[in-house]
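Paired with subunit B in one complex and with subunit C in the other, subunit A is shared by the two complexes that follow.
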Partner chain A sequence: MLTRLLSGDKPRSRVLTLLLLVIVISLAFAPFLFPGTKSLETAARICIFIALVASYDLLLGYAGIVSFAHTMFFGIGAYGTALAQSVTGPSFVSILWGTAAGAVVAAIFALAIGLFSLRVKAIFFAMVTLAVASAFAVLVSQMSWLTGGEDGLNYRIPRELTPAFKLIKAKVFDVRIDGKLLAYYLVFFASACLFLVMLRIVNSPFGRTLQAVRDNAFRAEAIGYRVVWYRTTATVLSAVIAALAGSLLAIWLRYTGPATTLSMEIMIDILLMVVIGGMGTLYGAVLGATIFILAQMYLQELMGVASNATSFIPFVSDLIAADRWLLWLGVLFILSVYFFPTGIVGRLRASRG
Partner chain B sequence: MSEATIKPRIEKAPLGERMIEKLPVVLVPALAMLGLIAVGNPATWLTLTVAGLAMGLMIFIMASGLTVVFGLMDVINFGHGAFISVGAFVGFTVLIWLGGWTSSPSVFLNLSAVFMAILVAMLATALMGYAFERVIVMPVYGEHLKQILVTMGGLIVAQQLIYVFWGPDEMHVARPESLQGSFVLGEAAVEKYRLVAVGIGVVLFVAMRYVLKSTRIGLLVRAGVENGEMVEALGYRVRRLFLMVFMAGSALAGLGGVMWGLYQETITAHMGQEIMVLVFIVVIIGGLGSVEGCFIGALLVGLLSNYTAFLAPKVALVSTIGLMVIILMWRPQGLYPVVKAK
Partner chain C sequence: MTSEHPILETRDLTIRFGGHVAVDHVSCTFQRGTLTAIVGPNGAGKTTYFNLISGQLKATSGQVFLNGADITRIPVPERTDRGIGRAFQLTNLFPSLTVRENVRLVAQAKAGKGFDMVSVAESHVELIERAEHVLAEVRLIDVADQVVAVLPHGDQRKLEVAMMIALGPQVLMFDEPTAGMSVDEVPVILDLIKTLKQDMDRTILLVEHKMDVIRSLADRIIVLHNGALVADGEPAEVIAMPIVQEAYLGKAPEAA
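Now for the complex of A and B:
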């Protein structure tokens, strides 16, 4: 049953299995294990980013395509849901069609970009997506009549998903069973479903062919696979899943703006998560996203403390100031591309005794 | 007897073919004409055109290094933007040191302050380019995927280091006295600094063409772009040549950074990353590896951005993407595709 659910792609390392179990169990019972607003925010963010980063890994790790437009698709999904909520008012129906519309638009964009620029080289695609995504972000912040510009959109979601709604009066383990909890579980289960679907995709014949195309496009073409078709399909799939993850973010935050969905910073975060977690394996996305977001939320504070403690050494304290944590992640990123291109997961699998 | 010497026969393509090959050159005046029709008012048009040329030439300065590096070694440097930012920050620091020179009314002192800033910035970015090539690019030759990732990582680290050295705030520096304000030509107002930028850009383009077409190093670079292995087989060290080109490209990015910074008068650590979007569009339009294509592409993008910024400010960046799409439909490899013998 479990093997079937994981599509036969097991973690293949005892430590990795243990880590994944810890993460899944912690996320599944997060509201009860770690009560508090901040930890629930963190847990929901981790869930959404696991889906998002895994969809990026589908492209980068499995198809060998570097895209810088992933946040664009993420944003299209988020704005789809957000606009549906703010135009027709909060209801589950509008969530559904907003999400669907976002996914369709993302698919069309991905298809257009893919057909247009995947024929040539990986480098070409990377450059084109970078340009298109930046233009899209600028356009969204300019069209303030529709998207709220830089301020973004604030909207209401169905009452059943807000803290004001009480499912039952009593508290369970000292936790109120309210709409926020429901919203969290919506995010959790939706992300889990997306993840399992992706696991299914990469372990299907399609996924295998994709890996063949990644490793040797010329040979794959010679055997008779249409390389452009496989690459474009992978782009579209990953765009749709990114858009769905974006919709989840829109539901969870009740706010959608350029800074939370479209910015280049988030694109770089995704890149770091995939590479540090491990390219070419979806479990890498789980580890990468979890570690990165925990670091983002908690390591910064730690660095702040360390920086204050060393404030008498002028340069060092600047280097380890809380805002400079990306510096160290960047260094870690470069090192991991050189020395462990398979990331944490690859290391764990290699060291399996 | 002397009449019978055999003359070497140089094959020339027929005139028609050569004309079609050179067709992209017409695009720039064509776009300028279209701009004149769309804008209507000749005075406004002149102002916009000079602004567009200045912007285009600055982008060309930054993009040329990138495209030659790609042509020579098949390396695309996503961290190129870091050199632009670093160049701007170093240049501005020098300008602040030379505050007395920039605020004096003497044109000579003003210009020498700017040239000092440019010189120091180019030196700094060339050295940085050396380090970048040795540490970041060299281990991943021939692997595109890793190149993109690693140079992106280099960009992140460089940006963060700018924050460490210069603090998190943006920097403001006013342009030197004699470069402020504008000339009035008839009814059109043309900013002085833009003319200076156009001047520097044109001089640089001519110099670069001279180096590439008429010197031994240029010959080697062009041969290397065409077929690197063959050049290596003839006994030249392509790797060292490449390192030199990489450093030169970085220095040009630094120069572009200073010029762009003086143009905006405000610089941030991620300015390079923002300009890189335009640089990539220009490099794609021109054809990866082609300097001439890059020049024409930069002028097109500069002019188009300024016209659309005047006519419909919200779609300025989108219009350049549109331009890129149209050009790629016409010539899928860019205006001047670089023929690879590899």
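Now for the complex of A and C:
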């Protein structure tokens, strides 16, 4: 049963299995294990980014395609859901059609970019995606009558998904069973489903063909695979899943703006998460996203504590002052890429832990 | 319609790279079930001629016919579907995948299952069995789980042949299949090619430098020199021709 759910793709390392179990259990019971707004915010963000980063790994790690338009697809999904909410008012129906519309638009964009530029050299495709994504970001910030421009969109979502809604009066383990909790579980289960779907895709005959195309496109053609179509399909699939992850973010945040969805910074973050976790292993997306977001959310705090604790040592306490957290985040990444060139998953599998 | 045509024919096939004519008006027909060796000095255009037939290069002029149908403008994957199988001179495999997976991918392509994204690849047992059957034939079954990148050169050459067998095309094109192989590995490959020709009635085109290999396998030899077809006939006859002695065996270096 579990093997079927994982499409026969087991973690293949004891340490990795353990880490994944810890992450999945922590996320599944996050509202009860780590009560508090910030930790729930972090957990939801991790769920969404696992799906988003995995969809990027589908493209980069499995199909070997470098794209810089992934945040554009993420944004298209988010804006689809956001616009549906703000135009027709909060309802589950508008969430559904907004999400569907976002996914369809993302698919059309991906198909167009793919057919237009996947025939030629990889670097050309990367450049085209960069150009299209930048143009899209400018367009969104200029069309403020529709998108709210740089300020983004604030909107309401169905009451059942907000803290104001109480499912039951009593608290469970001292936690309110409210709409926010429901929203979290919507995000959790939707992300988990997306992840399992992707795990199936990469282990299907199609996924195997993608790996062949990545390894040697020339030979893949010579044994009868139409490489352009495989690459284009992979681009479309990854775009649609990114858009769905974007919709989840839109539902969770009740806000959609360029900074939370479209920015190049997020694109770089996604890239780093894939590389840190391990390219071409969807499980790497789980580890990469979790570690990265935990670092983003808590490194500053942690360093503040450490800095105070070491305040009697003049140089050290300055070095780990909370303000320097970005520096240390950078150092962490350089070290992880240097020591784990195949990512954490690649490293763990190689050591047969 | 297929029976009256030769299985493969090139008509005035030509490719120019700038001012250099790499393949120069080569007209040649290949009959079903025969093995033709293509010989000539380095740079004679043998591999280029192969690339024109299998589609990696597009002809400047002239045509290629498969079973009488013009395939000159058809892209590579479709030529493969129609029955042209190409093995490469420089090892050309999927390096990060296992030996079994390399062959399985060929079987999967042949079964037309490449776009299936709903099932798990391992659930198609018949494709795995097909791959393992072929691997047993080329004596690679013991290393089936190894990643191709770490495989010794000789085994990579065998895998190249295994992929051709799994593809099972009507026309097989081998470009120096024994190049760089150790002496004791060569007979395995030669036996396989013989089996393909005799038992499976395939048409085989073979680029080869080793004269003993050619003598033991070929029904016919064609000689390319500076891109042009300069000799064509029975092995013994062609090898005896002065032009072959000059152009191929290098008895008269000034001939070029």
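Methods note: the second predicted complex is superposed on the first by the 312 of 353 C-alpha atoms of A that agree within 3 Å, B and C clash if a C-alpha of one lies under 4 Å from a C-alpha of the other, contacts with A are read in each partner's own complex, and residues count from 1 in each chain.
To be clear about the criterion, a contact is a pair of C-beta atoms (placed from the backbone, for glycine too) under 8 Å apart; a residue touches a chain by one contact, two chains touch by 3 or more.
Values in this document were obtained by computation on a predicted structure and should not be read as measured data.
In the superposed pair of complexes, A:L271 makes contact with subunit B only, with no contact to subunit C. Contacts of A:R176 after superposition: neither subunit B nor subunit C is touched.
Applying the stated contact rule after C-alpha superposition, one finds that A:R254 touches neither subunit B nor subunit C. Applying the stated contact rule after C-alpha superposition, one finds that A:P205 touches subunit C and leaves subunit B untouched. Touch criterion met: A:A126 reaches subunit B, while subunit C stays clear of it. With both structures placed on the common chain, the touch criterion links A:R219 to subunit C but leaves subunit B unconnected.
In the superposition on chain A, A:F116 makes contact with subunit B only, not with subunit C. Counting residues of subunit A touched by each partner, subunit B versus subunit C, the larger count belongs to B. Across the complex, subunit A is touched by residues 54, 56, 75-77, 80-81, 86, 88, 92-97, 101, 104-106, 108-110, 113-122, 124, 163, 167 of subunit C. On the side of subunit B, the complex with subunit A involves touching residues 76, 78, 136, 139-140, 144-150, 152-154, 156-157, 160-161, 163-164, 168, 270, 273-274, 276-277, 280-281, 283-284, 288, 314-315, 317-318, 320-321, 324-325, 328, 332-333. Residues 7-8, 200-201, 203-209, 211-212, 215-216, 218-227, 230, 233, 237 of subunit A are the ones touching subunit C in the complex. Across the complex, subunit A meets subunit B through its residues 60, 64, 66, 116-117, 119-124, 126-128, 130-132, 134-135, 138-139, 142-143, 264, 268, 271, 275, 315, 318-319, 323-324, 326-327, 329-331, 333-334, 337-338, 341.
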